[in-house]
Amino acid sequence: MNSLQALGQQSLFALEMMAVLASALSGVLGALRQRMDLVGICVCGFLAAFGGGVLRDILIDRRPFFFVEHQGVLLAVLVLSAGSAILVGRRGLESGERWLRLPDAVGLGLFSATGVHLSWIAGQPPLVAVLMGVITGSFGGVLRDLICNEIPTLFRDHRPYAVCAAAGGGVYALLTWGGAPVAAAIAACALVTTGLRVLALQLDWRLPPAERT
Amino acid sequence: MNSLQALGQQSLFALEMMAVLASALSGVLGALRQRMDLVGICVCGFLAAFGGGVLRDILIDRRPFFFVEHQGVLLAVLVLSAGSAILVGRRGLESGERWLRLPDAVGLGLFSATGVHLSWIAGQPPLVAVLMGVITGSFGGVLRDLICNEIPTLFRDHRPYAVCAAAGGGVYALLTWGGAPVAAAIAACALVTTGLRVLALQLDWRLPPAERT
Amino acid sequence: MNSLQALGQQSLFALEMMAVLASALSGVLGALRQRMDLVGICVCGFLAAFGGGVLRDILIDRRPFFFVEHQGVLLAVLVLSAGSAILVGRRGLESGERWLRLPDAVGLGLFSATGVHLSWIAGQPPLVAVLMGVITGSFGGVLRDLICNEIPTLFRDHRPYAVCAAAGGGVYALLTWGGAPVAAAIAACALVTTGLRVLALQLDWRLPPAERT
């Protein structure tokens, strides 16, 4: 690996860490809203941060999990979860919630791209690989909501989230079929996903079915 | 494989498809009742259709999943879920709900029989194989209900459903112990399960404990 | 194995059975509170008894599950669940609930110690092994609560449970690092976990965050 690649990898890792920690904070906030104790807070932080990837790895039968390979990141997520719950508290986290939107959109792109790519090279068929990308990017939040005894936001928000990841995954599949280099397909997938998510939030797009029932 | 076997396999596949799509519709209906968006509808359709088999395959460590091997069926389930939600809507699906009962009972029999058989040939002990049959046939609905934030119907309906699958699984185990051919054991399991389920609905059987608490 | 070891193993197995059956009863009670039928009762009993270990085994990719290896124990859990629900009923189980606390604390110790040990020898890093111990000891109850459509007690009880298992797991890790014999590390882990849990109940310890939100 030359030094430019190394720099790229380091920037990517920094972005990923930012996104992981932002996800963990969304989990902590969900737990605090349900008045959970320290254990519930750490579990929600963990699930929001790592749950999508763990679910994908169980489905495509891949080991070790990200949090097993990167024990330091696991420790950081647990310490951040406990620390922010005790030191900042619910009010503080809620007031900072909209600052989490951009890192969350970045994370959606990065994690979905990783998920599509890992499933693709594990030999999953295209449609399944795209689904695995969606799961990686967005099912951490689903697991967090299930633990909080709520219908997952992902399923009733009517704002595009999983759909952005699916579109990005489609771009990955098309580029890879077309013979594009792996790195380009991954980057395009992440950029399209994050870009669509940011647009969807800015322009307030809605998913069907319209609430006519 | 001779042509009679081929015909049998094709009929079986057609029956299975009918049952898979009927299950998916039950998922769509659950999602619409909770006013989910397109993403939630597809996830509920997916889980109701494939969830039991996926859970069994994770438990007996078997890959690839049915939906990975049959990408076309996966696509059909997703398209049917989205299409029926948008084109038919909740009222329409509810009025058709009792038409789903027979395909659902057929699916219970077919999926349970497949589940017992796959677990049995994977070397699981008899009681476990029967449980895996029950899970295959009935836990898609459990996962759908969990996602919809409801106590699973399977656990509080007081009408025999899992119990029919367990009885069918017992028949499979007894026949296989007795040296019956595999195809006969599978067919008997499916017929007993479906038959008991239809009887249970017709005669309005109830499970204990009676509601005396 | 000499006869003293054999005696030790038998006592351990007896203790484990007591703890497994006590867990199953906690599941039955949860199911009865939700007015579940026989199927729900057996599933809740099963999940409370075996769920933590099954989840750990899925995460560390270990097979066969305990309940697959010990079909007799599986049968005992299902029979006990159905039998206690029908013969004793909810009122009877509730009045006996505090008798379950000690076996439950013993089970927390034993299952957590097994979980840490199995994960450790499967090559998981220390922090992950400790987490797996916590999951083994305490996530059966989480799965039971999720099925019962409740926020898991483990996450909002504010009384130390998972934390006791984490402390015990830490003791295991320290002793093993320090070169202690395996049996000593396992025993210390179980004793510390159970001891802390009993103390926590006796002295009414509470976890942060205090309910100031």
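We just call them A, B and C in the order they show up, numbering each chain from 1.
Definition applied: a residue touches a chain if its C-beta (ideal position, glycine included) is under 8 Å from a C-beta of that chain, and two chains touch if they have at least 3 such contacts.
Bear in mind that the values here come from a model prediction, so they are computed numbers and not experimental data.
Student: Chain touch graph shape: choose line, ring, star, complete or other and state it.
Tutor: complete
Student: Shared numbers divided by all numbers used: is that above or below half for chain A and chain B, i.e. same or different?
Tutor: Mostly different residues: under half of the interface numbers shared.
Student: Angle of the rotation mapping chain B onto its copy chain C, from a C-alpha fit, rounded to a multiple of 5 degrees, please.
Tutor: That rotation is 120 degrees, given to the nearest 5.
Student: Take the average of all CA coordinates in chain A, do the same for chain B, and state the distance between these two points in whole angstrom.
Tutor: Spacing between the chain centres: roughly 31 Å.
Student: At least two other chains touched by the same residue of chain A: list those residues.
Tutor: Only 58, 61, 146, 149 qualify.
Student: Which of the residues in chain A come into contact with chain C in the complex?
Tutor: Answer in residue numbers: 31-32, 34-41, 43-44, 54, 58, 61, 63, 65, 67-68, 71, 74-75, 85-86, 89-91, 146-149.
Student: Which of the residues in chain C come into contact with chain A in the complex?
Tutor: Going through chain C, the ones touching chain A are 58-59, 61, 124-128, 131, 146, 149-152, 154-158, 161-163, 207-209, 211-213.
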